[in-house]
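Below, each structure is written out as structure tokens.
Next come two complexes built around subunit A: one with subunit B, the other with subunit C.
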Partner chain A sequence: MTEPKPAEKPEPDDTAPVTPAPETAPERPAEEPADQERRPGFGSLFLRYVTTANTVMVTLYSFLLAMVIGAVLIIVSDPAVRGTFTYFFSRPTDALSASWTAVSDAYAGLFAGAIVNFTTLAEFQAGEATIGRLLSPISETLTYAAPLILAGLAVGLAFQAGLFNIGAQGQVIMGTVGAALIGFGLHLPAYLHLPLALLGGAIAGGLFGAIPGVLKAWSGAHEVITSIMLNYVALSALGWIITNEFVKDPDPNKQYAISKPADESSLLPRLAGMLGIDAPGLRANLGIIVAIAAAALVAWLLAKSTLGFRMRAVGLNAHASRTAGMSVPNTYITSMGGAGALAGLAGATLVLGISPHALTHGVAGEVGFDGITVALLGRAKPWGVVAAGLLFGALRAGANTMQSTLPLDMVTLLQALIVIFIAAPALVKAMLHLKVPAGGLATTTAKGW
Partner chain B sequence: MTTIDVAESAESTALHGFWTRSRKVGTVLAVLGIAVFLIGLTMTAGAEASVRFNLTLPEAAAAFPAKPVVLTLGAVAVLLGALLLTGRVHLPFGLTVGVAVAAVVLALLIWAIARPGNTLQIDTVLKGTMLLALPLIFGSLSGVLCERSGIINVGIEGQFLAGAFTGALAGTVTGSPWVGILAATVAGALVTFVLAALAIRYVVDQVVLGVVLNLLVLGLTGFLFDRIMKDNESATNLAMRVPEWQIPILSDIPAIGPALFGQNVFVYLALVLVALVYVMLFHTRWGLRTRAVGEHPVAADTVGIKVNSLRFRNVLIAGLVSGLGGAFLTIGEALPFSENMTDGKGFIALAVLIVGRWNPIGGLLGALLFGFAMQIEQFLSSVPGGSPVPSEFLAMLPYLVTIVAVAGLIGRVRAPAADGKPYTKA
Partner chain C sequence: MSRRVRTALTSLVALGAVTLTACGEAPDESGSDGGDFQACMITDTGGVDDRSFNQSVWQGLNDAAESNGDIEPSYLTSASEADYEPNLSQAVSKGCEVVVAVGGVMTDATRAAAEANPDVFFVMVDGLIDLPNVYSVQFDTAQPAFLAGYLAAGTSETGKVATFGGMKIPPVTIFMDGFAEGVAHYNREKDADVQVLGWNPETQEGSFADSFTDQSAGRSLTQNFLSQDADVILPVAGNAALGAPSAAEGTEGAKVIWVDFDGCEAAEQYCALFLTSVMKNIPPVVADTVTEAQAGENRTGSFIGTLENDGVGLAPYHELESEVPAGLADEVSALREQIIDGTITVDSPASP
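Let's turn to the complex of A and B:
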């Protein structure tokens, strides 16, 4: 915005081949073979791509910048490392090596806990470790990613309709309740029970999610305020439901409030079992497949269906949509309802996929709030959300294995930092002196009051 | 109840346009009144509700029969609702709704305390209301300063958290709550510095930015709490305390004396700030410029006002105020810092800002309303002999009040015209 297409002014000739390359490139060599060196090679094209603030590079740089800031925080908050900085000027190597060790240990631990642990890989090749231990980081990543993707889709779908759904947390909670009630309340064969329990979660989340939509449609109340208030209402409601006679676990030995567990027949089967791998420790379950299927459905909905078209139209310009004869209030309600259903599904995968398969006060964790960062990182696009969900799932899994050295909040912090940079491409551009891409800087927006 | 619902839907389909705002509100009030009346009928005839002024006039106490009072109040609500519903008599809308809502609230309160051994301690309730309203007053003032100059501040929650954390840390380390308060205001301003820089210089969407800043501060304070405070609470995270200052004579006024004039410095600061911001905003050159920048930045620019630098300055000042609100949560309440201790108060403050129509005095009144709702919740959940309503439902009360207030008012209040719209010179 501040520099409208600065690249065009100095050398108009230089910028032309970047985007419309196919049209100009074949003509030139035929006329003037001597022009060879002016044609950009792969190296310079790559360099230009890397130094432009396009979507991919902004995402990548946001990640790197967040890692750098995270590293600074690790160093500053570690008392042992801070100690070495007190005599920095007499022996700087101490401080530098201590800092390097602290940071590289932290990030290497994250990687080992999320993707693959190279020590285990070596042991596995030597025949000392089981396949279960080798695959366990990936399995954990997929386990955490499934609800994150679904919650991210919930926020992303609402974004497409111009709504900022920060009530995903409450909708996830309601989804856990819906799924758990069907999970332990009904006794059915698995092929009926599991789909019904998932559906129960989606419906409960959807109805709860529709409330901010209805309020916005009828009274104009901003969904940011109403949906965050409903998060607290949902949390209180969960507290009341758990202590209810019908729901409460009858076992008097239980130290804390917990519901009856869902029936075996309603649980999401584990991927390891379905693939025939004998590794009871691998928690990854069908939830990740449900999440990817939901992403495909949302992608189809937005790209091909009338409803999706209406959502995007209202999101881009509500006034024009009204003029074109679309019902803006109805679109608000269906978008929020659909978003709530996705978040409810996230709740269902939490209860039906992760032990103890029952409702507790913390059953939903922070999944709904993380969904906001997932959606912003994925730029509210279904497949972007899948990628972002996998990344944040990996961060979460990695952080879980290194909890002893670094607090879990490190992940929340990294997520928030990444998303701040994503939301502010102009900042990334200015910090790294990047060029403005042809279409301008891309960012996500929400409407004010 | 079911018969009313049927009648409603039949009529609304037959007569489109019949459901004006006052008819809708009237229906709701009438239904509430009927509910109160039914509750009144279930009460035992001899139940008495007793009321006392325990701080100012310990010997003054009154007890009155609860059942007839509840029934009367219910009937009043039904009557007023019915009058609004018929639309025959022209009543002042705001006053009517206010009286009816007050009747319902009072009836429920009397119903809840009308059991042996329970007493409504009026001045304790009022003092608690003031304390619970305080963070909302600071938060809504911060919102007024930002949004009157055209920047939406969804990050009040984050500024509270930053202030609460820094206040506890700096206060404990230096041993002085006053240093803590000062540090908290600076921390709040640091958060709004990021808000201002990104929103004004880098034209980031302000609602998205505010939500993400909240997450950032949540992560940051959680991280630092784990790394610095958790294992060393006594050196880094003590409950600091500022003294209560009794203002002579004024603090002895029955009922409102202790609430307004027997409190700690935060209450006086809040009241002074409300008056100050009001006068500054509507009666000084700075205020006129601020409002101009928030309503019509192009016009303001034309007459030579530096739009973005004025906005930047105001957002920083707003951060000082919301940091003070954060300091109240730890130092003012004499509590140590705990993770995510703000519990959505920043968002409630945002709702208060809207209910108070972007006006400092409106914000004060709105905050007191919310403070009262929270105080009633706390009072009812601590009633000896157990509350007649499950505590989880009571805990929902402030949040539900927020939703109702925002949904009921938003169509009739108007934000500053350029609120949330970045200004770039053409």
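Let's turn to the complex of A and C:
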């Protein structure tokens, strides 16, 4: 849970600015008194903002620090670059240029694979490249981002109610099952089939997600433990379901474990087709719109609705909420059920949006676990989660194109580093000698640890 | 010692270390590159060093590159199944002449990529795609599993052998079918009564670890079989199968038959326990296909690895050679010939 509001931004008050705790800035004590005498200008306000460990700057610095450490690892892990360091003193330019090339190639590749490749852009303007090739990086980013955003919302919503939903992975798996069963089990026109399949995923995930909520409400069992364990239950259940007679693809050429594919009418239509762009290779589908709509719904729920108010109140202080007459157990159940439904929706976008549109053992990938990191990076706020999901989607898309020069694990590592720094703002503050903001350091964690 | 002095000293030592290691001679500038015929492999989620399918396909590509310098192998890793499509299209767009897709789950994505790019040659390992620009590679492992069953029955001293699978899916049960048939054949030939625990080919029911990674599940299944007096075990369960030799280690006379690859290479530490291995010979077929493609001859249709074309087979007996009676080894070789010439047919509902 985030701290109640005040930590967000340092307010540029008319009164004298609050002097930060002196122990953090020993190297520039002389500047502070001068500031206090007159109203600070934009420059000094900006300087103070960027040198304070507030939420925005910690997030930004976490990303930059992760990139720096990533750069060091890129240099160290490349045998060719490492080789140039063995003769550093006889020709240092080799080592420096090789390092620079390795790092800049990697990060440029990441950008080119995730947003836009400038070489392709130039070719496109010259009429040599198709629109499909130009848009493919951004299309990949959106494809990967959609389930990540939904899974991130699932974890974030639970955070808001003070619950740590580690069970997102299991709920995503159940969502894939619900969506797939409706996808190949029913044969309906598209305008009915697709919404029903999405709903099926959400309901399956929601029911499965509600279990830890019920257990916590009725017996006090900690949701972290129960939801972790339910991940295993979901995975084993998936294995059993796939090999089931009704589900298994009867095609004799498909000897491996795979379910029947979902009907065409239940699949998420591709954005390129909807926008009239002739590029069959672009995978980005309606899933990203579903994800953003879900984020808007969650934002509205938390900010405007009674239910959302109750969730946040319970998240901030369950005892006070109970005294105020709210039903804490019911809030646990609805929060976890809602979180599960969001994760289930993530599962539905995986099955209905990504080939082979069927259940396999790996259908959910690591989406549920990545959702935890997305929610942490997005500070459990709906629009923050959207931004974080887009960033992680971009990293995944970029990683695919970067892998000819760098191992795929590098991106997992970058993600992990970012989250470590976000989760430990004191570390970022100490490394960069930042000041403590007015409300103290903000971390995103659940209550009850 | 003040903090500053300490920091300075540490830095000095570190600098010294760096200086010493960085004093080598600068090499002459030189650039030598591999060939220009790009053979690209798309791994499934196991990764290129999975000691299984992916690794042997990669081995095959490297073998091809070694014998023909014009071939330049590379691979793209799939971290999740969602990566199959982008990896396939990336392989095509970076100009790969041959794209080798690994793993049945990739079949649909590969078919789509092959349809969209009729000029690119695809090799589908462990899946079947009926397109002119795709060569499908599959393996009929029931045949060597039959030989392994016969061998196990002949070697068993307790009259009981056992098998278990990772999951009840055809690529797994095909081994168990062949194994049980081989034992049944031994019983008919020798009028013996060797029992198979863990699999019933008629009902298609048996013992499964429900995992390809959980070694403790493989271990407890194996211990269960050993306590029922079985002494030859065939685990068909990926990494979970490692539980079998680890459980057999403590039991006198217990032996294990490995699958997919030569156990003495895949799990060297247990070589003394491996009677033999039921192998898929992936590298040669991949290497040959790529080498021919480089010469301009794209194979079409499909390859089904059998005993006849050496696509599948039994591994050497290695350290347990002395345990296999000379007569039995000859009988197994004769059986192999009989399967090849069609006198004996091995049927499994799971055969490709």
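Note that in this section the second predicted complex is superposed on the first by the 408 of 449 C-alpha atoms of A that agree within 3 Å, B and C clash if a C-alpha of one lies under 4 Å from a C-alpha of the other, contacts with A are read in each partner's own complex, and residues count from 1 in each chain.
Rule of thumb we're sticking to: a residue touches a chain if its C-beta (ideal position, glycine included) is under 8 Å from a C-beta of that chain, and two chains touch if they have at least 3 such contacts.
If you're wondering where the values come from, they're calculated on a predicted model, not measured in any experiment.
**Q** Taking the superposition on A as described, I'd like to know which of subunit B and subunit C A:I166 touches: first, second, both or neither.
**A** Once the two structures are laid over each other on A, A:I166 reaches subunit B alone.
**Q** By the touch definition at the top of the document, which applies to A:A126: first (subunit B), second (subunit C), both, or neither?
**A** So A:A126 meets neither subunit B nor subunit C here.
**Q** Between subunit B (first) and subunit C (second), which, if any, makes contact with A:S90: first, second, both or neither?
**A** Touch partner of A:S90: subunit C, not subunit B.
**Q** So, A:L230: does it touch subunit B (first), subunit C (second), both, or neither?
**A** Only subunit B; A:L230 stays clear of subunit C.
**Q** Please indicate which partner A:Y256 is in contact with in the superposed arrangement: first for subunit B, second for subunit C, both, or neither.
**A** second
**Q** Between subunit B (first) and subunit C (second), which, if any, makes contact with A:L427: first, second, both or neither?
**A** first
**Q** Quick one: classify A:G239 as touching subunit B (first), subunit C (second), both or neither.
**A** It touches subunit B and subunit C both.
**Q** Let me test your reading of the model: by the given contact rule, A:S219 touches which partner, first (subunit B), second (subunit C), both or neither?
**A** It touches subunit B, and subunit C stays clear.
**Q** Which residues would you name on subunit A as touching subunit B in one complex and subunit C in the other?
**A** Residues 236, 239, 407, 412, which sit in both footprints.
**Q** Considering the complex alone, what residue numbers of subunit A touch subunit B?
**A** Residue positions touching the partner: 1-2, 73, 77-78, 164, 166, 215, 218-222, 224-226, 228-233, 236-237, 239-240, 369, 372-373, 376, 407, 409-417, 419-420, 423-424, 426-427, 430, 443-449.
**Q** Would you tell me which residues of subunit A are touching subunit C in their complex?
**A** 85-91, 94, 133, 136, 140, 143-144, 236, 239, 243, 253-258, 261, 280-281, 283, 350, 354-356, 360, 362-363, 365-366, 396-397, 399-401, 403-404, 407-408, 412
**Q** Would you mind writing out the residues of subunit C in touch with subunit A in their complex?
**A** Residues 18-19, 21-27, 45, 74, 76-77, 79-87, 89-90, 93-94, 103-105, 107-109, 112, 116, 126-128, 167-171, 174, 210, 350, 352 of subunit C touch subunit A in their complex.
**Q** Report the residues of subunit B in contact with subunit A in the complex, numbered from low to high.
**A** Of all residues in subunit B, those touching subunit A are 152, 154, 198, 201-209, 211-213, 215-216, 218-220, 222-228, 339, 343-344, 347-348, 350-351, 354, 390, 392-393, 395-396, 399-400, 402-403, 406-408, 410-411, 415, 419-421, 424.
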